[in-house]
Amino acid sequence: MTVLADVDATIRSLREEVCRLHAELTRYELVVWTAGNVSARVPDRDLLVIKPSGVAYDRLTPENMVVCDLYGRVVDGGLAPSSDTDAQAYVYRHMPHVGGVVHTHSTYATAWAARGEPIPCVLTMMADEFGGDIPVGPFALIGDDSIGRGIVETLAHSRSPAVLMRNHGVFTIGPTARAAVKAAVMCEDVARTVHIARQLGQPLPIDTRDIDSLYDRYQNVYGQR
Amino acid sequence: MTVLADVDATIRSLREEVCRLHAELTRYELVVWTAGNVSARVPDRDLLVIKPSGVAYDRLTPENMVVCDLYGRVVDGGLAPSSDTDAQAYVYRHMPHVGGVVHTHSTYATAWAARGEPIPCVLTMMADEFGGDIPVGPFALIGDDSIGRGIVETLAHSRSPAVLMRNHGVFTIGPTARAAVKAAVMCEDVARTVHIARQLGQPLPIDTRDIDSLYDRYQNVYGQR
Amino acid sequence: MTVLADVDATIRSLREEVCRLHAELTRYELVVWTAGNVSARVPDRDLLVIKPSGVAYDRLTPENMVVCDLYGRVVDGGLAPSSDTDAQAYVYRHMPHVGGVVHTHSTYATAWAARGEPIPCVLTMMADEFGGDIPVGPFALIGDDSIGRGIVETLAHSRSPAVLMRNHGVFTIGPTARAAVKAAVMCEDVARTVHIARQLGQPLPIDTRDIDSLYDRYQNVYGQR
Amino acid sequence: MTVLADVDATIRSLREEVCRLHAELTRYELVVWTAGNVSARVPDRDLLVIKPSGVAYDRLTPENMVVCDLYGRVVDGGLAPSSDTDAQAYVYRHMPHVGGVVHTHSTYATAWAARGEPIPCVLTMMADEFGGDIPVGPFALIGDDSIGRGIVETLAHSRSPAVLMRNHGVFTIGPTARAAVKAAVMCEDVARTVHIARQLGQPLPIDTRDIDSLYDRYQNVYGQR
């Protein structure tokens, strides 16, 4: 009983968190209409909490978030889950350290994805958050495991919490849903700045050792401990 | 009596819907000042509901929406209807499946229209919503049927619910006014992303069969059933 | 007595109108910090109402608007008037049909001004509102009549209510302050769209007769009569 | 006692001011997530007030601002100060006329910084506020005095209150925190306008004497006295 009650409280709290985090996607204009979503893993359970499919951001409530198992089957919820649930479930199954996943088609990052071109690490903020270039994953159709597999295989070779899926958009991961949302916000910000820098010439490179040094400090010293 | 009362209730509800949907045009910055509008067909009646001409978006009320017949003549309303009413009425007369029409001069879509260049389908989101390229219609002056005819003839050869009218702007259609607004929002979003992708090189093409597969799934599986 | 009371009521009403119209400048992001302003002529009086200098937009009130004569001398007001007052007073002195003037450094319009390049009329919306290209005025220093003279001389050869002052920004005029604000909003909108169209090629030209036809209709038929 | 009470009142007032000024950074979209900050010197004390590290802008309160000495050591505050505190403390130690410092990664300014290219003074607004080009400082890692030294040395050779730190972002200074925020807002505005002007050609230069004349007038005549 106590264990079940704890799980209930955790899921209730994650429903609130996942619902609320969608407001960051609209605040930073990473999404239009209903095209983007946030999910969170239920810790120590093979479950995730995700946005319902095709529901407007200002209609989201903790109650209409959908709880699914890690194969994307609905466990609790009256609405169909996001059509990206299968891809995100695949990520949770294969990356046990991931606690949150975000998907957007944010403009500048998706423009790099349309050309199939990684974003080069030419900003200290990029070194801090992404530890190097933001990589490009394969073109993949929705409907089977190919998007999920593309995300996992691409991120396996990178420190970046963001991947640009070719001709599609961005997926980001994090230890929490909030960290994944932060990565989505930062990804669009650096995608835009590097794009604009490139419009009038070539950005200056940053030395690999400096990238490593910035990444280490930011991951270990920045923020409140 | 009952039939008339039903029509009254339907029109009242469409006045509210059409009025409210204009807030999506400003929210997504598809329009400035008074330059853009939404209309809806009154089902099973040869009538439409549309924005009044030259009235600021924050002055719109359900009451000042204008009801016209499908030749653009005012049937109910104290204000002159949008100067785009004739074009939209033409669309309703010739496309019986259309329940809503939207017109904007949204920036990036209008930039493609100024060059007379279709937007190539290089994003999965574009395949989903538009099923291919977004086509360009002819240059047409306001004042007779040429805009309406240009819209209808161009859309007849496309799955796209959006058409870029040359040197002018965007018209979108949908089974409902809300669907037409969604198409207008998505049109500007993909116009912007593809533009930005093109600024630094060539976007990678998507195979026609993949476009078909994405379009079919999105039209039939996405969202709540 | 009655005449003076009428003037008082007119000025009070213009203080409110001029104050309120600044909210359109911030809404459409035509200005940052305190860099832009609106003024209105007091009809049948050699007076104008204008923003105080260097005061933040959210601190503007009808009471802190400044009333000046048409040589820029303060007639009523506790604060120094906008540093653009002399230029705007010059316009009112030399263009008796002008009832409102607006000045901004809106981004895209100012970018054309920095290159000293008129905005070509390649959009129907531009033909409607500006009746042709938006012209460029001379480089002029603040401090004497040169800005005002540059505006008046440039607009004398154009139907456009907007002029791009070289390396500086935009001045717009109108029969009312509201019309001048509309011209400032539309000027930035078309400056942006034409810029973006030009980034990937050449916009298609519009025939001069079509421009004339669009301009005539818009000036005489659009909106509520 | 009285002296200490005065210091207390000053610090209380600066906590409010510094907290409130962060709202200008988000209003003008100079920052995302937590990536940017404002600080103020406590007059006549070797102290500064600064944002806490990694705290979201809508969680800032006067109480959670951090008071540090001019070597970045916390004197009063329950949270760790911004990771930019050392750099800003260095500026206060070496530039006694500076009362406020701001740091952002605003998009267009950072794009110039990524190419290591100063922003040329081709706008009257730039001459007014910056008195010439906005200069570029060296690439510098966080963790010792190199960022602070880079700022101070670069600004020593310029009238500009803004410096673009290579591959990094913007630091601005001012006699007050508010003036430094204004410089950060204006820096991004001119960075954007000059960038856009350059996309389609070369902006026209402004004569050095004209720049001097504009700068002198703006610094001495603009605003309320």
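Labels A, B, C and D are assigned to the chains in the order they are written; within every chain, residues are numbered from 1.
Here is the rule we go by: contacts are C-beta pairs under 8 Å (C-beta built on N, C-alpha and C of every residue); 3 or more make two chains touch, one makes a residue touch a chain.
Each chain and its UniProt protein: A, B, C, D = L-ribulose-5-phosphate 4-epimerase.
Just so it is clear, the structure is predicted and the values come from calculations on it, not from any experiment.
Novice: Please identify each chain that touches subunit A as well as subunit C.
Specialist: Per touch definition, common to subunit A and subunit C: B, D.
Novice: In terms of residue numbering, is the interface formed by subunit A and subunit B classified as same (over half shared) or different (under half shared)?
Specialist: Interface between subunit A and subunit B is built from largely different residues.
Novice: Centre to centre, by mean C-alpha position, how many angstrom separate subunit B and subunit D?
Specialist: The mean C-alpha positions of subunit B and subunit D differ by 45 Å.
Novice: Please report how many Å separate the Cα centroid of subunit C from that of subunit D, as a whole number.
Specialist: Centre-to-centre distance between subunit C and subunit D: 32 Å.
Novice: Can you list the residues of subunit C that touch 2 or more other chains?
Specialist: Touching at least two other chains: 199.
Novice: Give the pairs of chains that touch; include all such pairs.
Specialist: All chain pairs meeting the touch criterion are A-B, A-D, B-C, C-D.
Novice: Help me check something: in the complex, which residues belonging to subunit C touch subunit D?
Specialist: Within the complex, subunit C touches subunit D at residues 32-35, 52-55, 79-80, 83, 105, 107-108, 110-112, 114-117, 139, 141-143, 166-169, 195, 198-199.
Novice: Taking the touch rule as given, give the residues of subunit B at its contact with subunit A in the complex, in rising order.
Specialist: It is residues 28, 122-125, 182, 185-186, 189, 192-194, 196-197, 199-204, 206, 210, 213-214, 217, 221-225 of subunit B that touch subunit A.
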